[in-house]
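Both complexes shown next keep subunit A, but they swap its partner, so subunit B is in the first and subunit C is in the second.
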Partner chain A sequence: MGFAAGWYALALGDGLEPGTSAGTQLFDKELVVWRDASGASHVWEDRCPHRGMRLSFGFVRGNHIACLYHGWQYDEAGQCRHIPAHPSLEVPETIKVPTYASVEAAGMIWVQSAPEATEPPPADFAAVPVRSLYLDRAPEMVALLLEAGLAGSFESLSSSTFGIALDGADLFLALQPYGAERSALHIARTGGDLSPKDIAVWAEDLRATLEALPAIAPASAARQAGALA
Partner chain B sequence: MRQLGQATTEPVTMVFLGHFKPESFAEFVRHRAARLSLGMRLGTVSDERVEVAVEGAADLVDMFEMACSLGPIDCLVLDIYRNAERQ
Partner chain C sequence: MSLVLHDYELDSDSYKVRLLLSALGIEYSKVAVNVHPGHEQRSPAYLRLNPLGNLPILVDGDTTLRDSGAILCYLARLHDGDGQWLPADSQRFGEVMVWLFFASADLAPATLARLHDMLEVPADRDAAIAASRRAFRIMDDHMTKRELEGFAWFVGDHATLADIAVFPAIALSRDFGVDHDEYPALRRWMRRVRTIPGFITMPGIPDYH
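Then we have the complex of A and B:
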């Protein structure tokens, strides 16, 4: 199976405080996720147009992000607004960072993987962000193993989101196709009162299980899911 | 020509000397000029000499020269001068 262009979770919303930035990847593409001083989150290509430095190493200054290397500052739309070495220069509009559509929903920050994607943004609902897991396993295989029920009684909500009932709590998991051989699972609690610590312990076991399970074929996953239904 | 709200130069002809793959260097030059919103016209493009006329804000023209001094991986820029400097 493959993943269609659409919306994918990149991070837990409460893991990114105002004035901070973080680097991540989606389909091996490097992205910076940053939150400005007003609390709005942004997802951009993680590369300064000047010398290619990762913007995730930069500094958030109010509602701008500044590159670590030479301090070029970009506004919320990705437009370069200030070049310290040329303080009086009116920066041309062509010096701009490619940006991605992003939203915050269900306690997570989501990005639209390609502008041609027609899928609507993910629905927002009450959720308590708990934990992000990073796995050394291909995202397609993680999805297959979850769908097949080999790592627990997961319900497939979409090709990249899953639900599970766990000791009286309802959990929502969003799969981030990080790279060809690496995945992330972002976990939020949508019901019940299982403590974040207990969910985190469960999540660690889930990661170990998903990394250890032998690979399966898509047809096998469908049979497994049918047998378990 | 874009007006950038800055004092703009007269068109400047830059001469790059070195070892070039002409198509590669020409594409590199076009990209940098577009990124910096400069007007640009290629003149002579050969294995050892490339002439480029650029027009725009003085700071951006200087940035263009610096960017092109690095060149693409398959080209080596050994010297740059602006025509007026050797007249």
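Then we have the complex of A and C:
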């Protein structure tokens, strides 16, 4: 099983403060998620066109992001606007960082993995963001194990989102296919009043379970899910 | 009273001591030791100061100390009358100690991985990086829960030696190929560390301004 082109959560929205950036990956491709001074979030290829440095190593200045190496600055559309070594230069429009469509919904920052994806953006609903959980496990296997109910009574809401009821709270989990052998689960509370810290503790147990479970085949996952239904 | 730090600019343990000295606003003199390529820290003269052959070494009058954790505690005891950095309260003191010992034991593989990649120190690189990632995960889990409870620092409600002791290993992790992607709570905390009055940088730890 693979993941279709579509919308994937990359981070919790409130975890990315205005004027900061974070590096991440989706399907092994390096992305920078950053929030400008006005509060808008952006998802770009994490690569300065100048020398290939990761932009997530750099700094947000106002509504521009600046590369750590030589300070080249890019505006909200990815267009280079300032090259410190050539301060009077009118920067050519060809110096541009590839950008991705992104939205904030359900307390998370989502990116459209490919421009040709036709799926609509994720629905927004009230959610209390709790934490992002990073796993040394292939995303396909994480999805299979969750669907098969081997790590708890999860409900599959889509191929990459899951729900679970936990001690009177409703949780929403969005799977980020980080790379071939790594995944992230972004976790928010959508109902109930279990404390975020208690949910974070539960999430550590979930990570331990998901990393320890033996691999399963898709067919057996479906069988086990059927048996549990 | 003359305070002398035997120091190497690229050494993350020496940096912890420089950082605390700067935060405390203490005058001191620095002796640059030729660690690479000279291995001067293992010369007979230096082995008399520290038989372990590593840095930092602090000489304060008749007192000669090795081990960055011990030096941090010594400086805090001597110069931090308010007990900000090394709290007098037993619980806080114990919690700070947990992270000081974590820094010297559980973060040692991170120091080794960095020295392997930067200065060609022999190491089982894969094992050192796996152990580093286990330690960073423990730190991120801790700060995740701390933030959810409304706290900004490793222990208590202000910066302590705990923050200084565990900061360089993660801040320098890109030197050995471990990105900060998987540690969102540490990413936010590392920005806070940079706001400590007297914060100083070192090669590999840029300021954000």
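Following the convention adopted for this analysis, the second predicted complex is superposed on the first by the 229 of 229 C-alpha atoms of A that agree within 3 Å, B and C clash if a C-alpha of one lies under 4 Å from a C-alpha of the other, contacts with A are read in each partner's own complex, and residues count from 1 in each chain.
To be clear about the criterion, contacts are C-beta pairs under 8 Å (C-beta built on N, C-alpha and C of every residue); 3 or more make two chains touch, one makes a residue touch a chain.
Here the structure is a predicted model, which means the values were calculated and not measured.
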Practice item. State whether A:His86 touches subunit B only (first), subunit C only (second), both chains, or neither. Key: first
Practice item. Could you say whether A:Arg131 touches subunit B, subunit C, both of them, or neither, answering first, second, both or neither? Key: second
Review point. After superposition on the shared chain, which partner residues are touched by A:Pro49: those of subunit B (first), subunit C (second), both, or neither?
Key: first
Check your understanding: Who touches more of subunit A, subunit B or subunit C?
Key -> C
Check your understanding: Is A:Ser38 in contact with subunit B, with subunit C, with both, or with neither (first, second, both, neither)?
Key -> neither
Review point. Touching A:Gln25 in the superposition: subunit B (first), subunit C (second), both, neither?
Key: second
Exercise for review: Identify the partner contact of A:Ile95: answer first if only subunit B is touched, second if only subunit C is, both if each is, neither if none is.
Suggested key: first
**Study point:** Contact footprint of subunit B on subunit A as seen in their complex
**Key:** 49, 86, 88-90, 92-95
Study note, to complete from the structure: subunit C contacts subunit A in the complex at 137, 141, 144-145, 148-149, 174, 179-182, 184-185, 187-188, 191, 206, 208-209
**Study point:** Of subunit B, residues touching subunit A in the complex
**Key:** 2, 4-6, 34-37, 57, 59-60, 63
**Study point:** Touching residues on subunit A, where the partner in the complex is subunit C
**Key:** 11-12, 15, 17, 20, 22-25, 57, 59, 68, 130-132, 134, 178, 182, 184, 195-197, 200-201, 204
